[in-house]
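Same chain, two partners: chain A is paired with chain B first, then with chain C.
So, the complex of A and B:
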């Protein structure tokens, strides 16, 4: 489906990220569901590094 | 091939699921709490000095000194507390827990809870009721007089009552209460009623006068929070053996001293991971606002650590009138706690969640991964000593506690050579 076709029909939106996008669409009467999603560990590099180290724990 | 962490966490969860917290009696703190001495006061949360204590903790210590007869005025009490003659230690270092300021002094009567599945005990003072009370940092003459009544009337009557009745299974009582609209942290109406119904005949069988029996029954009846001081040590007794499970990433303590929030994680033993305690978002009593609030305080979030309290708010919709929000929020809070926990309780089933078990076993890895922090409902104390409670609300621990714990955990695995190169 081309982008042109997509916007030519009623939109049903699943929104990830900034909630304001979802709120704006709702205000305009567009069907929108906001997914409560955050990047893993909030994207904090030091925490991602620690989590990846834990994944390397030896097997018994 | 079994992964070390999963095996450890499975063991930790089995300990939680199979714990059997049982009320076995009452005693005086100095006679039953391990390591309790005449010059020692216990307090809520991680370790703290008099200099760093917030208003409610200081107020509680001052009330404790006047109750013990070591000071005759608030001024004398403050001087005594600062003199170095008195030692302070967390309740948690002595198998005990205390709501709000959590002050336990040598003469105070305490409930004795035994986890009969593992043989460990936990201790907690008797709930003082609402209004001007030591646990909220109040220290007026009425506070001391009430503590004396608790020691000379309430305690002996209840002690003999439990001796007559025999042990009481608190796990079953909590399981019933969470199906009757309590989450047994800030709502204990059903649990307190069940408890009174259980012990009332035994109160009548004691050797005390009718006046004393009536006074005890009336006091228990007047105080919906009677059961809080049983649900807390029940949770403590259930969780304490988890602290000995090597390599487990499960949290077995969350507690606040009014200045700092602290957590302890099974693999990391008795080490605290602390950060400044948060101010609580909540409903304030008339005449008070967030400006008056002390930061988060008390050991009562041991209930949330077990998966009841705020974690089970969905089952207690009426509580939102006390702590703020809507019943829908309460369901949302409980739903989100399944994101950071490991299992569902086999005992504590929540009707509004289609009888799912309460979210059980907080895993520090999940908290960091999802950035979802534990939810806690709590009372709010005034920041100045001597005032008391000013409201109730919702709060979360600082993320820094979990970040520090995760770092320490990875260091532990590295030190033990348990990580692949």
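So, the complex of A and C:
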């Protein structure tokens, strides 16, 4: 979606991280989904690298 | 004292929640020190630094939560600490909605097919891959997280430009898209002035001043602080600038940043030169002649930028605003009244800022006449470590990394500044200068916290027969939940001089300091 299109639409937000940002949007009546996010692969660097390689292969 | 640890595996909570809880647990009787965090490298290092690391912590992952505490078991048990933790956590989450929370970005995209923007505030080391996924899906991004490398930033912004998307950040704290404030932003009316800002509180100050002048904002787009460095090349400022030029709702464009690298400035000036819409530029302390040469409007402060944008919009004449909103006689009277409070050996300034750009602007104004030592100094010799025998004028940006390690940003939690009032104000302090930033994301009553600190410090100083001058500005509006008028009233009730902008608060400080030094 282009920036021009974004400017013409109601915001629909996906929030990853601090939940207060999602709560602030909800109180303003903005459509927002908060992701129950946690680091992939327990945040372990070697596992993350491996995951990223697998994803690249998948895309190919 | 004994060192004890509780571990909860596979229990993820965001860092701000855990930092606020840590601070509350620290207040419990019998707790000498405590740290609550996820098992990230950073948190585990911090536990070691604090002497709170023991055995089991080595086995944690970033998805495991730990509570490590040094306690006096005669006063408090680890079980009581855990109960207090659970209570605090429940209090934080009880107001949360019962909506579906998808477990990943991809599932969120599936559950919200109309999604158009993704806010990312996860720890920096995990942020880039999430942003990548959002851009791949054709979504605009606001990246609040810091600790994202320049290389990653460049790659993500190149991808965004290629796809015609916004990638605001990293370390982007404020934006207002289609009238909706995102992250740290003030509630302002909609209007015809568009802003692109590379500095968070600088952008907030401009939007607030536009609102106070009765006008409004079409779009406010953040870029992140490094965007105008040569390595990034201003990719997002250019993208956002061009989008505002094309936006039919925007009639005047304002650009806010610290001075860009020369090669980037050239690109921005080239666009400004061909812009069919007026362009107001505040490259705080930047090259005025170069801005004028391309037909854009240079500014001398954030407030000046807002005033010029509003005047241009209304087709009115404008000139630099370097004065005060109040009549000169009132300012002179104010200066004399405040000076009468001080003894002759009270000479020093203590400026405690929560907004980095506001601190920078204050130093640029005061630095013309005084040596101001700071953790974000105007020149390296003015680094706070070089303060001669601990005496001199100090301006501190309390939002810098050194003060936010393991602590929430002072705009969220005023405790860091409360501590600074206690540790950095003494009998030689003449003036205290502060900012009070309202809006979404900020503390629920930052003015109240400043008022409490001032009351306390005045009580301390009065025992030594001293008083102190306190000057503040409030970056906020009547529409913010903290309410500008209520905030101003609570500051004024403590005898704090509240000025209508950061620039005016700093100028009043300058006026009093000049009168102290020169006696004129």
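Everything that follows uses one rule, which is that the second predicted complex is superposed on the first by the 33 of 60 C-alpha atoms of A that agree within 3 Å, B and C clash if a C-alpha of one lies under 4 Å from a C-alpha of the other, contacts with A are read in each partner's own complex, and residues count from 1 in each chain.
Quick note on the criterion: a contact is a pair of C-beta atoms (placed from the backbone, for glycine too) under 8 Å apart; a residue touches a chain by one contact, two chains touch by 3 or more.
None of the values given here were measured: they were computed from a predicted structure.
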item: Touching partner for A:20 - first (chain B), second (chain C), both, neither; value: second
item: First, second, both or neither for A:2, with chain B first and chain C second; value: second
item: Per-residue contact with chain A, leading partner among chain C and chain B; value: C
item: First (chain B), second (chain C), both or neither touched by A:54; value: first
item: Which of chain B and chain C A:11 touches, first, second, both or neither; value: second
item: Touched partner set for A:42, first chain B, second chain C, both or neither; value: both
item: Partner chain(s) touched by A:30 [first = chain B, second = chain C, both, neither]; value: second
item: Doubly contacted chain A residues - partners chain C and chain B; value: 38, 40, 42
item: Residue numbers on chain A that touch chain C, as the complex places them; value: 1-7, 9-26, 28, 30-31, 33-40, 42-44, 48, 52
item: Complex contacts: residues of chain C adjacent to chain A; value: 12, 14, 16-17, 40, 61-64, 95-97, 99-105, 107-109, 111-112, 114-123, 125-126, 129-130, 134, 138-140, 144-145, 164-166, 177-178, 180-183, 219, 239-240, 243, 246-247, 249, 440-441
item: Residues on chain B engaged by chain A in the complex (per definition of touch); value: 1-5, 7, 365, 368-371, 403, 406-407, 409-410, 413-414, 418-420
item: In the complex with chain B, residue positions of chain A that touch it; value: 38, 40-42, 46-47, 50-51, 53-54, 56-60
